[in-house]
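The structures considered in this document are given below.
Two complexes are shown next, each including chain A; its partner changes from chain B in the first to chain C in the second.
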Partner chain A sequence: MEWTHARLGFDEAFDADGQVRHAYRDLIATLEKLPTEELRRREQLQRVSLINQGITFTVYGQEEGVERIFPFDFVPRIVTAQEWQHVERGLIQRVTALNLFLTDIYGDQKCLRDNVVPYDLIFRCGEYCRPLVGTRPRHDIFTHIVGTDLLRDEVGNFTVLEDNCRCPSGVSYVVENRNLLSRVFPEFFEDHAVRPVDPYPQLLREALTHAAPRGRQDPVVAILTPGLHNSAYFEHSFLAREMGVALVEGRDLIVEDDQVFMRTTRGKQRVDVIYRRIDDDFIDPVVFDRKSVLGVPGLVHAYQLGNVTLANAPGAGVADNKAIYPYVPDIVRYYLDEDIILPQVKTWVGNRPQEADYIRQNMANLVVKLTDGAGGYGMLVGPAATKQEIAHFAEIFNARPEHYIAQPLIEFSQHPTHINDAFEPRRVDLRPFILYGDTIKVLPGGLTRVAMEEGSYVVNSSQGGGSKDTWILAEQPS
Partner chain B sequence: MLLEIEHHMCFTYDQFVRESHMELRIEPRSQTEQTLHEFHLALGPPTRITRHEDWMGNTVHWFSITDYHKRIELLIQSVVEVHPLPNVRVIDDPLPTEQANDSSGQKASTTDQMALYDFTLLTGPVIDSEKLRALHSELNLSGCDTLGTLITTLGEGLYSRFTYEQNVTNYASTTEDFIKAGAGVCQDFAHIALAMLRLSKVPCRYVSGYLHVEDQANSPSQSHAWIEFYSPSQGWIAFDPTHNVHPNEFYATVAYGRNYNDVPPNKGIYQGNAKETLEAHVVTRPSARQEPIRIREESYLDLPVYQELPESERPMGRNTAGEAAASQQQQQ
Partner chain C sequence: MRGMLARAAENVYWLGRYLERAGNVARILHVTEQLSVELRGLAPGLARSLWLDLPKIYPGAIVIIDPNASTEDIAKQHLRSFLLATDNELSIAASLRSARENARVVRENLTRESFEQLNQTFHHIQDLTNKPLDTSMALCDAIKKIQVEIFGVCGAVDRTFARNEGWSFLNLGTMIERAFRTLMLLQVKLPTLMNEPEAIELPIYYAHLRSMLRSVASWENYRHIFGLDLDALQVLRFLLFDRYTPSSIKACVHALQLNLNSLNDGEIMTAPSRMLGKLSAKLMYEEQEIMAEEHLDHTCRDLSTSLMEVHDSVSRLYFSV
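Then we have the complex of A and B:
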């Protein structure tokens, strides 16, 4: 069996001397014992299973077929208990601080008066929602569900790339990838104590129930989806099914006497908590985009009166705006009086003239991103771009530099991936999911996305990325 | 000056609508330069009305009607006392320089600067463009040395260049539309004045309110819009670009915003395949009352609603399943 090691960056399975890392010994030994023919057979099994279960996503702007299979690589990504402990602490700290920040931004705005974050950045941030200033969500929790994207840098340190505080998706793949791998490669699990990920729907339900308006016994929870054509519809239906709650679209809900009701076959039923998977702009045509037909007129009004909980709270996108990201270490220090546990990527902010100049001059070496973009749209990967592409992007950048940030290209970690009967290194990131209920809990697992193409740095599913099962190992009994 | 203001709005639909949700900004503010003595809101069909303040301290009334209806009526009566303002003010603040207002990397040195920032940006229908900047230089605004001369120059420039004319622009028109048409209404004059001042780095805000006109025979009273600009030495000062005057005691302020989009008198959504017609009129008169009483109340007008679509109105064999998506209408 052929195993190619990463020549650039950190290899998750092999150390600098080419020796198998301790955590991967048993796994690689097991894989070595499987003949090529058998691996092919299992891979085929896996593909059929993905199609049958309809584990798909949608790529926007593609003519052919609306849905696609999310490519799955069977070599699991392993994180040791010790490594995870550190990540978990870092994420809990981050989510705690970001919620205090949001409470402040939609309250007294002390951090702006104290110059922790420049006020003009907030006031120009598209996610900053003026009508919601003065509205406090239940328990001051704005982000019930966060997905934070991590990379491992050249020496393997987990580094925060970005937070997703609005509608992070991908958790259904975390659960389904585990199901799939344990069916297709049951022998992998024999020698490992892998922490389970299937309690996620239960944990999510607890967090949502905890967020219900005061005094609601047995709160009714519903998931609000934009509908069948949304790229994450599979996940919306998956979570609704697993939690045993209703999956609704905007037209199923109505606001009456400042309360939200869903139309059911047995008449109207009051809804207490809405896990909404619709962006702020579309949730309520009275307050936001008036052309939206996805949302529910009056929903934000009912929320402001405290009659319904929206998870995540509208306006929470301020916390994951790329323009705010460079300030998160300061935000952590300001609210918690602690140093940030998980490091961040060095970032230049287009809003500052000197830094914009730096970005202009070094575009070929930088990753330049739109502060209000997501999913790999509207960005330039300098080192991978042609001269023409860079020149074209520079024009767009110069028109409004304050809407961009730039970061060095991180030589992030690679992981053995099964490609054409061999194991080759491919770049991976990690999106853990953090739930904020009575306490903050991090699901012991996460979505490992993998850039399936050789040398590629783009792991986004919308641009040809795949995924892996992610194992968080249980503490070894000493 | 004690002003009585009556604002009547009537929304009619040519078909029954299933649902209406509306946000109103129609209650005059109580503040240094004016006192709201009485406010009465009557609404039909009867439904729950809630009242809150928005982020600018404007009063918002909200209601939903979730049974079938064909007509919504609102009668708003206010008694406002506008305290006279000095007629002539010397506004000799030096104009803000580029550097002083450069927001990039700026430190929030004062709470004031932070509070003013929203009113320095070109947002919504106030659109930055080549044409807008061309107008700014044509009006010679860069040549002014004090805030006072800037306002005078701006007022005269706009007054001579643009014509007041109804039905040229609409509620959604932008500064671009207004420049192109060369004519419009108070909302357009306010937006263009905001645009010019913001290009000159002067913080300014949109004011929605009522204007009492004495010569009712020739021009009836109306909902009106004007602006306020910020003078570092004197605070907010009102200016009416439509008439090129500083507002007097005939101007009653209802709401402040960055532009019209923040403070339309009515904003809402209705569901149903219907065409909406809005009839609105305003009557104002000096009040004869000696002692105003302080009161705020709501009452209801007896207009009908139906739990189900009345038999006679049911469409024959129409597919109603696809109706929802197609039938949500913006209301204005």
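Then we have the complex of A and C:
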């Protein structure tokens, strides 16, 4: 069996001397025993299984028939118990601090007065929702569900690339990838103590129930989806099914007397908690985009009065705005009096004239991103771009530099991936999911996205990325 | 008691209708092809008319045919159109596509097994569009396989679907579709069947009756009761009034009542319950009068209209909250 090691960046399975890392020894030994034909057969089996189960996502901007399976690579990514403890502590710290920050900027705004974060940055931030200043969500939790994107840097340190505090997606693939791998490659699990990921729906339901409006016994929870054609619709229906809650669209909800009801076969039924998978802009045409037909008129007012919980809370997107990201270490220090546990990527902010100049002069070496962009769109990967592309992007940047940040290109880690009957290194990131209920819990797993193209840095599913099962190993009793 | 989301109830209802429709079409295509082959030498005109009847049983179906084509080619055109054509909203492919779309919308109400079976069947029929299927035999083989898969879907649904409100809506959709299709079949075939047996050759007459019963999966059930005694009026009476054969109108109306009652918890007499009550009473107490009527096809048409009114009433009451 042919294994190629990563020439650039950290190789997750092999050390600098080319030796198999301890955590991967049994897995690679098992893989070595499987003939090429058998691997092909099982790969085909997993593809058919994904199609038959309808585990798909929708790609925008294409014609009908846009359902695609999310390519799955069967070589799991392994994170040791010790590594994970560190990641878990870092994520809990981060989510704690970001919620204190959100409570503050929608409340007393002390951090602004103390110059921890500049006023203008907050007020220019598209996700900052001024009408919600003074609204405190139940238990002061703004982000019930967070997906934080991590990379491993050149020496293998987990580093935060960005937070997703609005509608992070991908957790359904975490659970389904595990189901699939355990069915198609059961022998992988024989020698490993892998922590389960299937309790996620239960944990999510607990977190949502905990957030229910005061005094509501046995609260009714619903998931609000934009509908069948949304790219993450599979996930919405997966979560509704696994949690046993209704999957509603905006047209199924109505607000009367500042309370939210869903239209059922037995008349209107009150809804207490809405896990909304619709961006702020579309959630309520009265407060946000007037043209939105996906949202529910009056929903935000019902939320402000505490009659319904919205998860995540409207306005929470400020916390994951890319312009706020460079300030997160200061935010952690300010609210928790601690140093940040998980390091961040060095970031230049277009908002600061000196840093904007730096970005202009070094665009060819930087990754430049829109502060409110996502999904790999609206960005420039300088080292991989042509001169023309850089020149074109520079024009766009100069028109409104304050809407951009830039980071050095991180040589993030690579992981063995089965490509054309061989195992080749491909770049991977990791999105763990953090739930904030009575406590903050991190799912022991996460979505490992993999850039399937050789040399590519783009792991987004919308741009050809795939995924892997992520194993968090249980601590072995000494 | 918490109700089901109105939109989800509607999707489940239509899931039931489309699954039933796909199965019905598969069965009738298969039966028509068999009878048509049998009659091609004996009664070529009748063999051809069997195919031309299909769009009448499925009003709205689009089948583009060459009027000068041979009966075999006419058969192929119908088989292909009703199996695969995307522009024929009543084709098996279109029904399965719609069933799947509805299932995707209410996936949280379905078990994994049910959805997977349906999805698998949908993908198989999609794959068929890339295959040559240039003979009637190849088309019939494909239809037979798809029919077996549809049974698989219905089996998975039957074995795993929770017996809750959703189940009642699914059954309402299934039964309305089934009853409606039986009535359409009767309306279209009655003029031929009500001819005196002497008007057409006896073997053809029997073959016709047999195939009609088989088109609604009732041939064996009929035989259990009447043996080989085949008579048009008796077949008609059987398909309208037999309580035990699943495609008879009485059986469908009975099932509709049961499902509506479970939605109402047996407490309130709703508009569709009243309509079904009247229909049921008519079928219960007016059998002799109905069978004595001169224009039985008109009676079947009136029954179809009543069923469509039940459909409208269910939609208004439950889906338009």
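Rule of thumb we're sticking to: the second predicted complex is superposed on the first by the 476 of 478 C-alpha atoms of A that agree within 3 Å, B and C clash if a C-alpha of one lies under 4 Å from a C-alpha of the other, contacts with A are read in each partner's own complex, and residues count from 1 in each chain.
By our rule, contacts are C-beta pairs under 8 Å (C-beta built on N, C-alpha and C of every residue); 3 or more make two chains touch, one makes a residue touch a chain.
Remember, predicted model here, so these are calculated numbers, not experimental data.
Student: Taking the superposition on A as described, I'd like to know which of chain B and chain C A:R251 touches: first, second, both or neither.
Tutor: both
Student: So, does A:T264 touch the first partner chain B, the second partner chain C, both, or neither?
Tutor: second
Student: Quick check for you: in the superposed arrangement, does A:R214 touch first (chain B), second (chain C), both or neither?
Tutor: Neither: A:R214 stays clear of chain B and chain C.
Student: Does chain B (first) or chain C (second) touch A:N52, or do both, or does neither?
Tutor: The second partner, chain C, only.
Student: Could you look at A:R7 and tell me whether it touches chain B, chain C, both or neither (first, second, both, neither)?
Tutor: Neither partner.
Student: Once the shared chain is lined up, is A:Q109 touching chain B (first), chain C (second), both, or neither of them?
Tutor: first
Student: Comparing chain C with chain B, which touches more residues belonging to chain A?
Tutor: B
Student: Looking at the overlay, does A:E402 come into contact with chain B only (first), chain C only (second), both, or neither?
Tutor: After superposition on chain A, A:E402 lies in contact with chain B alone.
Student: Mind sorting out which residues of chain A both chain B and chain C touch, each in its own complex?
Tutor: 251
Student: What does chain A use to touch chain C in their complex?
Tutor: Chain A reaches chain C through residues 51-54, 220, 228, 233, 237-238, 240-241, 245-249, 251-252, 262-269.
Student: Touching residues of chain B toward chain A in the complex: what are they?
Tutor: It is residues 19, 21-23, 48, 50, 52-55, 62, 64, 66, 103-108, 111, 113-114, 117-118, 121, 262, 267-269, 271, 324-325, 328, 330 of chain B that touch chain A.
Student: Would you pull the chain C residues touching chain A in the complex into a rising list?
Tutor: The contact residues of chain C facing chain A are 1-9, 101, 104-110, 112, 115-116, 119-120, 123, 165, 169, 263, 318-319, 321.
Student: Flag every residue of chain A that touches chain B in the complex, lowest number first.
Tutor: Those in contact with chain B are residues 109, 112-115, 118-120, 123-124, 130-131, 133-134, 251, 254-258, 285-286, 290-291, 293, 297-298, 301, 304-305, 351-353, 402.
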